[in-house]
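Handing you a structure now.
Lettered A, B, C and D in written order, each chain numbered from 1.
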Amino acid sequence: MRRYGGFLVLVALVVLAPIVFPGNYFVTVVGVTIAFNALIAVGLNLLMGYTGQISLGHAAFFGIGAYSSGLLTTLMGWNAWLALLAGLLAAWLVAEMIARPILRLKGHYLAMATLGFGIIINILMVQPTHITGGPDGLADIPTLTLFGWAIDSDIRWYGVATGVMLLGVWLALNLINSRIGLALRAVHGSEVGAQMMGVDIERIKVRVFVVSALFAALAGSLFAHQQGFISPDSFSFHFSIELVVMVVLGGMASTYGAVFGAAVLTLLPETLVVFEEYEVLILGAIMMGIMIFLPQGLWVSLSQKVKQIIASNRSTTNPSAIS
Amino acid sequence: MMNNTLKALLSGMVLLLSCATAQAGSEIKLGTFLAVTGPASFLGDPELKTLQMYVEKINREGGVNGRQIKLFHYDTGANPKKAVNFVKRLIKKDRVDLIVGGSTSGTTMAVIPLVEAAKLPFISMAGSVKIIDPVKKWVFKTPHTDKMAAQKIFLDMNKRGIKKVGMISGSGGFGKSGRGQVLALAPEYGIEIVADESYGKKDTDMTAQLSKIRAANPEAILNFGFGSGPAIVTKNIGQLGITLPLYQSHGVASKKYIEMSGASAEGVRLPAASLLVANKLPDSDPQKKVILAYKTAYEAQHGAVSTFGGHGYDALFLAVEAIKRAGSTDKEAVRTEIEKTRNFIGAGGVFNMSPKDHLGLGLDAFKMLEIKNGDWSIVE
Amino acid sequence: MGEVFLQSLITGVTVGSAYALVGLGFAIIFNASDVVNFAQGEFVMIGAMSAVSLLAVGLPFVVAIGFALLITVAIGMMLEKFAIEPAKSATVVSTIIITIGASIFLRGAALLIWGKNFHSLPAFSGEIPIHLGSATLTPQSLWVMGVTALMVLLVRSFFKRTVTGKAILACSANPMAASLMGIPVRRMMLFSYGLSAFLGGVAGVLIAPIAFTSYDAGMMLGLKGFAAAILGGLGNPMGAVAGGVVLGVLESLGAGLISSGYKDAIAFIILLLVLFFKPQGLFGRAGSDRV
Amino acid sequence: MALFLETNNLTKTFGGVAAIFKLSFAMGQGTVFSVIGPNGAGKTTLFNLLSGIYRPSSGQIHFRGQDLVGLSPHEISHIGISRTFQTPQIFFNMSVLENCLVGCHRHGVTGFVAAALHLPRAVSEAKRMREMAMENLAFCGLDHLADRDSDALPYGELKRLELARALSTQPRLLLMDEPAAGLNDSETKEMGALISRLCETGVSVMLVEHNMALVMAISHRLLVLNHGEYLAEGSPEQIQSNPKVIEAYLGSGDESDG
């Protein structure tokens, strides 16, 4: 039960936010974006934070999900849910295909390869204008309907997006606390050590890559239906970087950290708009500052602080509590 | 105790809120979202400066119908995803009365469903013809379309007897969209596109593409794009010793282009708004007075004027005029008045809107210009 | 087609030379500190933009360029001093984020200082093209290739022949041992960043007359430089140079002979294939996994 | 009956230089079998060959009748060979218990889907593994440290943790690369006792170790390598009196530990 205490807090936050602040822009509009970003970040964190494999190209999978949904519903007239499944399938296939050769690379080589992959996928969105609409994007993507109930308002989307995000967090938490999660972390700790413990590192890296791709593609499909319009700009190299920053900002190898990082990085530009031209400068300074002074990430560093404070309080008030 | 404080706080907030809404009635809330930074900043930057300059001027002179204009602005960096959230913010949080903006076609297309659903008048400053074709009830735009540019260019080619054209376009939204129009319209004008090349946003050299175009033996080269790309293309053409006529699009309609391209820009033709050649217009031209006034005012504060700022000027005054005529900021009334715009003389041309035409500019709004001695001149 | 091929090749080598200089900067910093510096491209931008500004103030051409390079070197050293050094124990991912943060920061600063306009530098020795058969090249292209070659040779002999150069190599091989031997590791790091920034600045000044410059011109060049360094094998300076030229030629030939729309995709696909079959890059030493 | 472990003309070359050359030997089940030799004799290379990290240039390895050549390390682990490393390859991002739980990996069947959905069988399997891991920690005297972060352990305990982790895979053969390196005298004694007890529980141990006192005290048989080649084999007594061995050790000149 203790393991899921944090999860219940997160659920409570998500449910209470629109009740306490009804119709608030930052909850029902920005909240949806946060939920999508958090879903991708949680998946990417499985790959990066836990397994230690960097990806600078995850926007590509987000895009594959979005474009599959967008193209299949607008051009082929598919049912939106069917298109969503097709998007997941497409992401799966692509991830499965490239994962094996790419994950044999390490460190900066892996960073470059994933970056290149992301750029290639982005070019494939931009260039075939007659299919994808090119840089002008793909418009008129229908919204989703759930049991005959159209998801067409911000609050409904808030419900769907945060619901899927919570599901993603729950799955990720389970995964991390399992035999598989241990093996993933072992790969991060020492590849050769993990191999000697009988972990098929090549296979498990591919699996977790696929899982993180599926998280991103799911977010992408939902994103396409929620926005009604998609264009390659939303799936560029910059977004891949943003995703990595979300994971690292929150704190690697912490699922809540990834959610936290996604929330911070999504809210930051919204609040920095008042600084106008200084926005870019401040964003860069914040990224550097956090990494230099809190290398564990915001979330992990802060939660460690809180734990320390609680622990020291306990020890002063009730020394016998320490066992 | 706790409860009382909370109640006091809450009632205070309610009071504040009601004050805010009461005051809101007295000012016109104008929302805008522009690409002030990022790859399309040369669009968004002059657009925002123009809006701010004239909103301040209008307010100084007593406002519209006695009401002050309050401008709400967000920088999209040309990112459609940001644009969607910012427009939602304008609609839900700032509760604006109407929206002008959307420097790029991508950001504009992304928000159309939102403004349609919110039933809010929206005047876009982006180029693509898709924005108003098919007509959307609440969506208008001020810049000439890429379709018009292509038509204007083809008419000029017809006059010069050019039949085979080599095209090179930027891979950004503007270039791609223009390329689509060129390919679609060429047959109508009896023109054959013999080469179709492109270049990326930050490419540094296009000689490879251009020598490929040269190998296809065109009679002229047409470049659709904006930013540094067209200037590099122009320089590279000079460098390769290609002497074919070069046509650019209205995407390069600023002095910066001539400055960057140097000597190679001589003889380049492009369709552009009269704004660029304000001084050279005959006094009989109805636009002359308006354009000169804008040009003088802008250049006094911000340096060389570009046609892009003009799109902002037109959007703002189309809106202001419509609000004046409607006598309120009632959304439906304002929308109807924008649609009824007749003979509005703007920076981009003379606008005549109708339920079937939410742009209201004719081909005559474009002048065919040629660069001579480092300056624009009008081709007759 | 032969004409297109030749022209593409010339263009490719010119553009590739700029990539090579940026890639060389990547390799030097990686060698010294195991950091891939994503702000490398911003050095290119700062070099060019500073030169533009100083020229506009009325300084003579050579002086302006000299000062512009000094400014770039200073910023490179400041980057090491204030961003890399304090984060000494950072992991690969953290340093990637730090240097990306630095590049965003520098871009933001450039935006505030220089605005959003494109700027250009005058070509070093005129713009009258030189004809090579049916293809042409500008004098500036010759400058780019020539200065790049000179820089590469200088850097090479610097590492091979000078005490400082050897000391830097020692630091990269084993910082602990180097510091025990009395080599001031910290100062060597600072020097490496300065040198990389210098090379970036040189690339910026060389390429600005051809391709213009603006506050956001560094990003793409940085990525291409990184790709060059990886293609050549990280930590192998001469490999990075070769990688840069190969990348430039690939792009250019891709544009000239196959499809200009997909030229970047072609370049990256080839890069991926190289990595798949030769994970240490084209000229990288295969590291043996000692356990 | 097939032999427990045997190699036949095993050779591994790096760029033309043979680190192991035409090595043939056999090891019996239930023994502590030590591989000794001067530095550079190829001991660690042999371990890397046996555990699948290197692929032999030629020759065969048979374990209980099964050919190991071409198998990857995790497959070899599943067959029942585990190992520890000269510098412990601890998962420093995990607690002590979690390190051991990874050792149990090969006994589990829970996949991504079952784990993510938190299916009952995944839960019960996790419980079983926990018990197994705790047992092995207790065997190595680390059970009281189960919830500690592994990066907070002193070196001696790291060595034992790596042993406990290797035991969690339930190996038939355990390859131990310098288990006493870096340990003080009393820790070395403890380690020796641990290895002997281990052998009594039925795990065969192959040992590479520089501490000759320890080697002679606990080994049943010794194999001596020199420059990657077979030099001698026999009981501790036989080896100690073998003139070839003495010459190899004295003649190699550089006996500095590395």
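Please note the rule applied: contacts are C-beta pairs under 8 Å (C-beta built on N, C-alpha and C of every residue); 3 or more make two chains touch, one makes a residue touch a chain.
Just so it is clear, the model here is predicted, and its values are computed rather than measured.
Engineer: Which chain's C-alpha centroid is most distant from that of subunit C?
Structural biologist: Farthest by centroid: D.
Engineer: Could you tell me which pair, A-B or A-C, is linked by more C-beta pairs in contact?
Structural biologist: Counting C-beta pairs in contact for A-C and A-B gives the edge to A-C.
Engineer: How many angstrom between the C-alpha centroids of subunit D and subunit C?
Structural biologist: Once rounded, the distance between the two centres reads 47 Å.
Engineer: Would you kindly tell me how far, in whole Å, the mean C-alpha position of subunit C lies from that of subunit A?
Structural biologist: That gives a centre separation of 32 Å.
Engineer: How many Å are there between the centre of subunit B and the centre of subunit D, using C-alpha atoms for each centre?
Structural biologist: Inter-chain centre distance comes to 72 Å.
Engineer: Calculate how many whole Å lie between the centre of subunit A and the centre of subunit B, each centre taken as the average of the chain's C-alpha atoms.
Structural biologist: Taking the average C-alpha coordinate of subunit A and of subunit B, the gap between them is 35 Å.
Engineer: Residues of subunit C touching 2+ other chains?
Structural biologist: 111, 261, 264, 289, 291, in rising order.
Engineer: Residues of subunit D that touch two or more other chains: which are they?
Structural biologist: Counting only residues that touch two or more other chains, subunit D contributes 53, 85, 89.
Engineer: Using the touch definition from the top, which residues of subunit B touch two or more other chains?
Structural biologist: 37, 171
Engineer: Provide the residue numbers of subunit B that touch subunit A in the complex, in ascending order.
Structural biologist: Those residues of subunit B that touch subunit A are 36-37, 74-75, 78-82, 84-85, 88-89, 92-93, 105-106, 109-110, 112-113, 128, 130, 171-173, 176-177, 179-180.
Engineer: Can you list the subunit C residues touching subunit A in their complex?
Structural biologist: Against subunit A, the touching part of subunit C is residues 30, 36, 83, 86-87, 89-94, 96-98, 100-109, 111-112, 223, 226-227, 230, 234, 261-262, 264-265, 268-269, 271-272, 275-276, 279-281, 289, 291.
Engineer: Per the contact definition, I'd like the list of subunit A residues that touch subunit D in the complex.
Structural biologist: Touch residues, subunit A against subunit D: 171-172, 174-175, 178-183, 185-186, 188-190, 192-201, 207, 211, 253.
Engineer: Given the complex with subunit B, which residues does subunit A contribute to the contact?
Structural biologist: 23, 25, 28-30, 33, 126-127, 129, 134-137, 139-140, 154, 227-231, 233-234, 269-270, 273, 276-277, 279-280
Engineer: Of all residues in subunit C, which touch subunit B in the complex?
Structural biologist: 1, 3-4, 7-8, 10-12, 14-15, 18, 111, 116-118, 120, 127, 129, 131, 135-136, 138, 207, 210-212, 214, 216-217, 219-221, 252-253, 255-257, 260-261, 263-264
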